[in-house]
Amino acid sequence: MPSTLDPRKEKIHEIIFEADTPAGKFFDVTLMILIILSVIVVMLESVDSLEDKYGKIFFALEWFFTICFTIEYGLRLYCVYRPRKYALSFFGIVDLLSIIPTYLSFLISGTQYLIVIRALRLLRIFRIFKLVQFLREGNIIVRALLASRAKILVFMLFILLMVTILGSIMYLVEAGANEQFDSIPRSIYWAIVTLTTVGYGDISPTTDFGQFLAAFVMLLGYAVIAVPTGIVSAAMMQERTNKPPPANTKSCRYCSKEGHDEDATHCKYCGEVLKEP
Amino acid sequence: MPSTLDPRKEKIHEIIFEADTPAGKFFDVTLMILIILSVIVVMLESVDSLEDKYGKIFFALEWFFTICFTIEYGLRLYCVYRPRKYALSFFGIVDLLSIIPTYLSFLISGTQYLIVIRALRLLRIFRIFKLVQFLREGNIIVRALLASRAKILVFMLFILLMVTILGSIMYLVEAGANEQFDSIPRSIYWAIVTLTTVGYGDISPTTDFGQFLAAFVMLLGYAVIAVPTGIVSAAMMQERTNKPPPANTKSCRYCSKEGHDEDATHCKYCGEVLKEP
Amino acid sequence: MPSTLDPRKEKIHEIIFEADTPAGKFFDVTLMILIILSVIVVMLESVDSLEDKYGKIFFALEWFFTICFTIEYGLRLYCVYRPRKYALSFFGIVDLLSIIPTYLSFLISGTQYLIVIRALRLLRIFRIFKLVQFLREGNIIVRALLASRAKILVFMLFILLMVTILGSIMYLVEAGANEQFDSIPRSIYWAIVTLTTVGYGDISPTTDFGQFLAAFVMLLGYAVIAVPTGIVSAAMMQERTNKPPPANTKSCRYCSKEGHDEDATHCKYCGEVLKEP
Amino acid sequence: MPSTLDPRKEKIHEIIFEADTPAGKFFDVTLMILIILSVIVVMLESVDSLEDKYGKIFFALEWFFTICFTIEYGLRLYCVYRPRKYALSFFGIVDLLSIIPTYLSFLISGTQYLIVIRALRLLRIFRIFKLVQFLREGNIIVRALLASRAKILVFMLFILLMVTILGSIMYLVEAGANEQFDSIPRSIYWAIVTLTTVGYGDISPTTDFGQFLAAFVMLLGYAVIAVPTGIVSAAMMQERTNKPPPANTKSCRYCSKEGHDEDATHCKYCGEVLKEP
């Protein structure tokens, strides 16, 4: 636990990382608006007719947003006590990934579209508006999914085995009569499209036996779709009875962890003093 | 609480707003039939072959229905004690919106089709037939959805972030080889079509990596569809144990609120005397 | 309660209506096989290439099956004490409907395909094999659905209102630019195809705003699909705890009702003596 | 219970069938990698452009894998006390089926693609990594599905009856105007595609009444999809409260059964001495 507190770093940390003071809230709201605007600019840029007309404005705006976010990323690194920890956290990585593509577009053209990854930064939105209720509900969903992650993985492995085998059988049945089933990987793609009930129709069986088999795959998918739903429903119902975790935006300057109780004065993970309320 | 009761207003209120007397029931049933007929007329009007043949009859009927509903709207405004309150309530707005389009069609052609919004007035149907059972069941659904609205919102935001990122990646992968993915917004449209398992097939990936990615999106959608179902199932099961609200068609003349107990003599929201049973 | 028991009627009733004796079981198994064969014949008859080749055999078989079922229907009417009651019961109507189309095909060609309604007679299959377990499970499903029928009806009405309004708006948006949306009824068809996530793609929006709106409809459908699932899940879980009804094939000769306890000697609905075990 | 233990057989059994010793684990991991590689080779072989280029390498690799798996299958037969029991067990049959197709491809060309059935051998993956948690979760899913198998069967029979009747009616309605509905079996295929919400769009109604009927089928499918989900959700929730079975990789040399407790020294099914820990 570091004993000396640099008041300037303190102040910046409070503004950038937390949203409990007016300055912090103003910063975060501005940030959100910039992120949304920058994502919209990238989207419009990809529309050829608009790019032809406003290409230069889009280019300028893109660089403006990227420079803003670069400065912000620098400040974040500067004001935490352990920059490495922040840089390797989920949001630290997202923050970095959302500025790299613009710089990279000098070297490889097209990469600028990757900055839509900035959209992920919007996940911070719940912190900003102190949407305690939403934070809690989001937590319930996440924990229900985590609690059932083993079941979902087992189920997904089973689905993968199934589509591999079904796709291969379909390839044997249709390959001769139907050009669309031209390889096993493509047939597996068809099996996934069918089993998940998406059903594009870009690949569909034409032989009688192929359609019979496809009908079987669909009915199977019908029964199978019930499994993940059952898993999550059961987990969700379980989760309801559990005590929700504390929901505020307190963030430790030292280890960048959140989830501290309302009355906590020290970080429960590293002992660092938390900002006095 | 207004002390004097105008017996004529009283009578009209009883007939138009409630459905517990023979006259009130007759009025409501007639109204429902008129609404259904007027919606059917609008639908048929949009079929070119029928419009060519019976255009004039449709036009006449449309105006007949609109004039009926305009008179009814006027009476509703007249007989409640606080017309403003009614005008701004859900049904008040729907009632108004369902007469405006016909008048508007003088100015802007095509708007007459908007009067299908009249269909919403049919939501009153449950009141008419004293479908207490249905009122209760409908309430359970609504309350279950309201109870889980925060979770559904969080989930929807997450879906929006996901389709934005998935759509952009798909644009990068397919844009060169596939004309269908001609901009990021269109790719996001594709991602929504795929993730929700609708799968029109108007836009579908053609490159190998694109199909691989699409298969991944589908499997994701498979797991993700379980979440809203889990949320609503859990809420629905919770709701089952709660006490249902009273279900009759008593309606306060003063504040237009409903949901009064069977033995209530005064409005529980404003103290106004309710119609003696 | 009729006091005299005609032993011949008794015997026929036991064979045709029940499946607890070897003769009764043999009769029912034969019947099932005949039904399945006759449905297959109708299906094959509709395939042009097979009809050209084996048309005469199919025609002969169809009449053979129909005559068998007509005799059986006559015997059923003969051996119950109240033929009218049987004739108006669910299976009585199905039994009649499954012989009419062949006779009707003399008058109106094409109607012979309607005899696939015979397939419904297969619902008797559970009785035959004394599939007590299955009878019970089927009952649980049926009762869960019955218990939630009010909710499902309310939900369906809501869906109908929604697709009417969404379809009309889509008609306004797309009608000019897209021939596929040529009338409101067709646009409502599109809305149903989209909201239920079927997504044929025979009708799909082409304008930017149309696709935006369609994306919104899909996300709505995503949330909305959770509702019937939640309703049925909750009902199913409730149903689990209830006591299952008795499951055997005892059938009253007088009122044709089933569901008697294992040790019952008199019909609990009309007092008629049940066949001694 | 055999009294003499052949130490060589003992050793081989420990390595091949169990995964608790370093040698056993190494064997199983190698096996998994070989299986995955061999499945990938078969997939690539089906892509024409790759087959043209690397056909010979693929052929050689395929035989290499098949010979490996043949030796392994021989060893498995050799080291268990009752080879017949193993040969007829689920994994015994899968192991055999995954080597036959290559040999069969001498006689019937094309059958080599069937060896993707090898993918099923990957189900052993959970044993290898001692994924006790996953074994348990997988068991919960399987038992929930087994517990509701009667309900799912009843439901599937009902779906089959429904699509038969709906498909036939659709054939009557569309056959004249729409070439796609050219026989009842094809119309039933359409009904399955629609009811399961897959919706390829390769067959879709074009007449007004046909589209009306299709809309009805979709709304039905919407309600019906809730049933299997409800069944599995209810079963899953039930299963949660039950005690999970023991999860380790102990396997009896005599009867090949698994599922022994951690402290078991004798097989609970045949009394055979289990490998000392």
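Order of writing sets the labels: A, B, C and D. Residues in every chain begin at 1.
In this text, contacts are C-beta pairs under 8 Å (C-beta built on N, C-alpha and C of every residue); 3 or more make two chains touch, one makes a residue touch a chain.
All of these numbers come straight from a predicted model, not from anything done at the bench.
Engineer: Which chain pair shares more contacting C-beta pairs: B-D, or A-B?
Structural biologist: Of B-D and A-B, more C-beta pairs in contact link A-B.
Engineer: Compare the CA centroid of chain A with every other chain's and tell me the farthest one.
Structural biologist: C
Engineer: When chain C touches chain D, do the two copies use mostly the same residue numbers, with over half shared, or different ones?
Structural biologist: Different residues, largely: of all residue numbers at this interface, under half are found in both copies.
Engineer: Just the number, please: Cα centre separation of chain B and chain D in whole Å.
Structural biologist: About 45 Å separates the centre of chain B from that of chain D.
Engineer: With chain centres taken as the means of their Cα atoms, state the distance from chain A to chain B in Å.
Structural biologist: Averaging C-alpha atoms per chain gives centres 32 Å apart.
Engineer: If I count partner chains per residue in chain C, which residues reach a count of at least 2?
Structural biologist: Answer for chain C, listing residues that touch two or more other chains: 185, 188, 197-201, 225, 229, 231, 233, 237.
Engineer: Okay, in this complex, where on chain A does chain C touch?
Structural biologist: Per the stated touch rule, the residues are 197-201, 229, 233.
Engineer: Would you mind writing out the residues of chain A in touch with chain D in their complex?
Structural biologist: Residues of chain A touching chain D: 150-151, 153-155, 157, 161, 164-165, 168-169, 171-172, 175, 182-185, 188, 194, 197-201, 204, 208, 211-212, 214-215, 218-219, 221-223, 225-227, 229-231, 233-234, 237-238.
Engineer: So in the complex, the part of chain B that touches chain C is made up of which residues?
Structural biologist: 39, 42-43, 46-48, 110, 113-114, 116-117, 119-120, 122-123, 125-126, 133-134, 136-138, 140-141, 144-145, 152, 156, 159, 185-186, 188-189, 192-193, 196-202, 225, 228-229, 231-237, 240
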